[in-house]
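I have a structure here, written as structure tokens, and I will follow up with some questions on it.
For clarity, chains are labelled A, B and C in written order, and residue numbers in each chain start from 1.
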Amino acid sequence: MTKVTIDPITRLEGHGRIEIFLNDAGDVDRAYFVVPELRGFEKFAVGRRAEDMPQITSRICGVCPTAHHMASTKALDDLFHVEPPPAALKLREMFYNIFMLEDHALHFYFLGGPDFIVGPKAPKAARNILGVIGKVGVEVAGQVIAMRKELRELMAYLGGKPVHPVFGLPGGVAKGMQKEDQERFIKAAEQGLDFALFTLKAFHDLVLGNREYVDLILSDAYKHRTYYLGLVDGNNRVNFYDGMLRVVGPEGKEFERFSVQQYVDHLAEHVEPWTYVKFMFLRNVGWRGFNDGEESGVYSVAPLARLNVADGMATPKAQEAYEEYLSTLGKPVHQTLANHWARVIEMVYAAERFLELASDPEITSTEIRRIPTATPTMGIGVVEAPRGTLIHHYESDERGLLTRANLIVATQGNAARIAMSVDKAAKALVHGTSVDDGLLNMVEMAFRAYDPCHACATHALPGQMPLIISLRDADGNVLRELIRGD
Amino acid sequence: MDNADYEPTIVAFTCTWCTYLAADLAGTSRMSYPANIRIIRAMCSGRIDPQFVLDAFRWGADGVLIGGCHPGDCHYQEGNYKALRRFKLLKKLVAELGIEDERLRLEWISASEADKFCAVINDMVEKVRALGPRLPAESRPKPEPVLEPAPSTSAPPEEAIHV
Amino acid sequence: MSKPKVGLYWCASCGGCEEAVVDLAEKILDVVAAVDIVFWPVALDFKKEDVEALADGELTAIFINGSIRLSEQEEMVHLLSRKAQYVIAFGSCAQLGGIPGLANLADRESIFEYVYRDAPSVVSTDGVFPQTRLAVPEGELKLPQFWDRVRALDEVIDVDYYLPGCPPTPKLIANALTALLEGKLPEKGAVLASSRALCYECDLNPTKPEKPSLKDIKRVWEIIPEPDKCLLAQGIICLGPVTRGGCEALCVKANMPCTGCFGPLDRVQDFGAKGLSAISSLFASNDEAELEALADKIPDVAGLFYKYSLPASLMFKGRGNTSER
């Protein structure tokens, strides 16, 4: 029995190891996707002032801090029973779409994209943003960098800094948009839309135009039939900021629809002893192991899932792209690598929504705060983070100090499917004892499509439990004992 | 660990003009008070930086006492009020860190109140004895300081150092 | 002549420090022209085996962010430290322990039980908890040991310089890189930012009274602050007076108070105690009851003053990675 280890996994947010166990024939017995990180946010949130939570929870992830910040801020609105003024809600949603556009672009160009732009088996030193720059040229690279810089500066304008903004308060936002700056936001949104469409075209040319990649996307090695979860607005269109939670099954039919206030009745967490991340599953189906199909409670989140769950996109160019996507792949789309395509379509929507909100005359209003007056009790907030549905649930005492916190974090919704994808890809790709770096990268591509965030997924803090494991043979004799703990 | 066996160590930060003189007077008057106390004299109770208090706990003090002049009598006018203001938040902090209430105490003891000084020390030693040691014996730090002072910059403070 | 080699690594980190490097924007092209980045898991595919293959001291510098929470992080920083000439603690977590350092207030056992059993959404199967060593049908799997306490980087390895901030600003990162490449680093142990308090850089400084006086304390959601006026003067607790400058007061520009992420000024050992001292000194009363009422307006003293720095505080630094029982 040999073991091949990929350590660490790269081009994602977070830590991880893939352990591939090979049998004597050189085939894969099983590949484990081990997530060896955690920090304990739900616990040290207890005793903190509620208003500190948007800034504390943003430290769950520095790549998607705005997602946590926003879910937290919405939870605070609920906790303090206060409704922000309309301009504040528009500012929040606009800020949020700027962030979605930027983060998705980061993934495409820096994290997952290089596998396609440079090639999955390109030399290790080239499979990254530097290789992308080499491929697309310095001028295009300059434009990508400039676009990201402008988006980040606009986030800093409103939130103080792009990493760990200070924007959100219960009842509103700390800073508004000055009228004389609205033009800059609108211009950036227009450029952002061009940029998103450019990226979509790049995807078409570099990926869909490449037969080998298309085969890879359609291949069975990177496919799972699971449930899907995402937020939809009143018309069942994708919305990142708010809406109802909708679950569709592997056949594409709506399975459940609920407000985030009822999340505990629908979403549950499963624990495995070999990893620190907890796996989300549908409570009303049940945990049936790492399996596909209607009978298994495994579900998926993020772009692939959102586009499966929705009936359409709320903005015209995104809708156009969506229709083309579905006409190629059908619906629901089960191909994991199609996440990359769905992500770029979401970039188009984010840019269009950004433009809609930036152009709204009400967004420059100075009425951006409402002072809470009610006693805080309990609050739940939800957003669609770039990497999936994100829920913050807080309970507090009458002074607004947290007594309990529960966080359902995006990548947890993909954790089971990621484990399955890595296992399946490894089994399909790895044969025999000669395994090279390029092949192992293709196993990594199985998780990279989900754009995982492990700092997010493992916000939790378990500690240690004393345990003795005894392995016995058929006669009951102890073959081996593993002892751990005090 | 048997509480009766251990001798608590109380670090007492005393101001020069009042509490320290009270301790002195207790001595010259041949009043007795427990030897568990380690007196550290500062000019004023307002000089007591909360860092000193935490440092004392860190190095194994089972209790910390701050002694100053009565309100209105401070040799430096307002120093003891500063001590009082700081003490309010410091008390909350040590509670949040899991340190019992009786381990940190602020008392106004004037130069002539040798008897009060002895009473306070006696009372505190017994209360802290009942609580047991703050750190179990095996986790008390060794005498050599582990920390090095933070590096001082060579440029004068008016010049911001931008690397 | 080959370019100097650098690496970037993350311990118990959120990835925000990595983002700050990416926020160098077009300057990143200058950086990659000047150095070879040979290890940076967020962006490049080099693996642990590539680090192990380096000669000792082959890296000019290793930038390490995140705090030490797990045994794997401890092992990695020891490895990286051997391979590098300079170790730079990057960001609040590496310098001071960071926000996840607040976990040092909690009891590990109760945490464990909450997260893997008692949280409302957990469906527990026979009390299963993650294991550091586990036999599975195919072989053995390992998870790193989870220590009781978070520690900052310099408790585990020797640190040459500190880049403060949560995260450090791109400007400070660029300055540090320039100093490194031009051989113009200050004396060892220096914090690579301003040596003065944040107030000096803040646009609102002219409106800060000579002696600020807190008659009432307002939590940020209780008040809409007047623009262009010092927040502390309005009763909002801002840690600008005790926090190292260098960030150009980004949070205050967005109408929110400084929360202290750049850490203490030189010669201050314990940021939280200093902050507590400075702020409470400003309470505008000498009356016991009034002071009590003011103190009650700060319900979470540790969370406010030690938000980023609890592991580096006097109560925790050098005390090891296990709780006293």
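Just so we're on the same page, contacts are C-beta pairs under 8 Å (C-beta built on N, C-alpha and C of every residue); 3 or more make two chains touch, one makes a residue touch a chain.
All of these numbers come straight from a predicted model, not from anything done at the bench.
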item	value
Taking each chain's C-alpha mean as its centre, the one farthest from chain B	A
Chain whose Cα centroid lies nearest the overall Cα centroid	C
Mean-CA-position distance for chain C and chain A (Å)	24
Length of the line joining the C-alpha centres of chain A and chain B, rounded to whole Å	51
Whole-Å separation of chain centres (CA-atom averages), chain B against chain C	30
Residues of chain A engaged with two or more neighbouring chains	47
Residue list for chain B, restricted to those that touch at least two other chains	96
Chain C, residues touching no fewer than two other chains	105, 300, 302
Chain A-facing residues of chain C, complex	10, 12-20, 22-23, 25-26, 28-29, 32, 41-49, 69-70, 72, 98-100, 102-103, 105-106, 108-112, 114-116, 119-125, 127-141, 143-146, 148, 150, 166-167, 169, 219-224, 250-251, 253-256, 259, 299-300, 302-304, 307
Chain A residues within the chain C interface of the complex	1, 3, 6-15, 19, 21, 29-30, 32, 34, 36-44, 46-49, 51-52, 55-56, 59-63, 65, 76, 80, 106, 110-111, 124-125, 127-130, 133, 138, 141-142, 145-146, 148-149, 152, 156, 158-167, 169-171, 174-175, 263-264, 267-276, 278, 283, 287, 369, 371-372, 393, 399-401, 406, 408, 437, 441, 453, 455, 460-465, 467, 469, 471, 480, 482, 484
Contact footprint of chain C on chain B as seen in their complex	49-51, 53-55, 57-58, 71, 78, 81-82, 84-86, 88-90, 92-93, 96-97, 135-136, 139, 141, 146-147, 149-155, 157, 159-163
In the complex with chain B, residue positions of chain C that touch it	105, 172, 175-176, 179, 184-190, 192-196, 200, 245-246, 264, 266-270, 272-274, 276-277, 279-281, 283, 285-286, 288, 291-292, 294-295, 298, 300-302, 305, 313-315, 317-319, 324-325
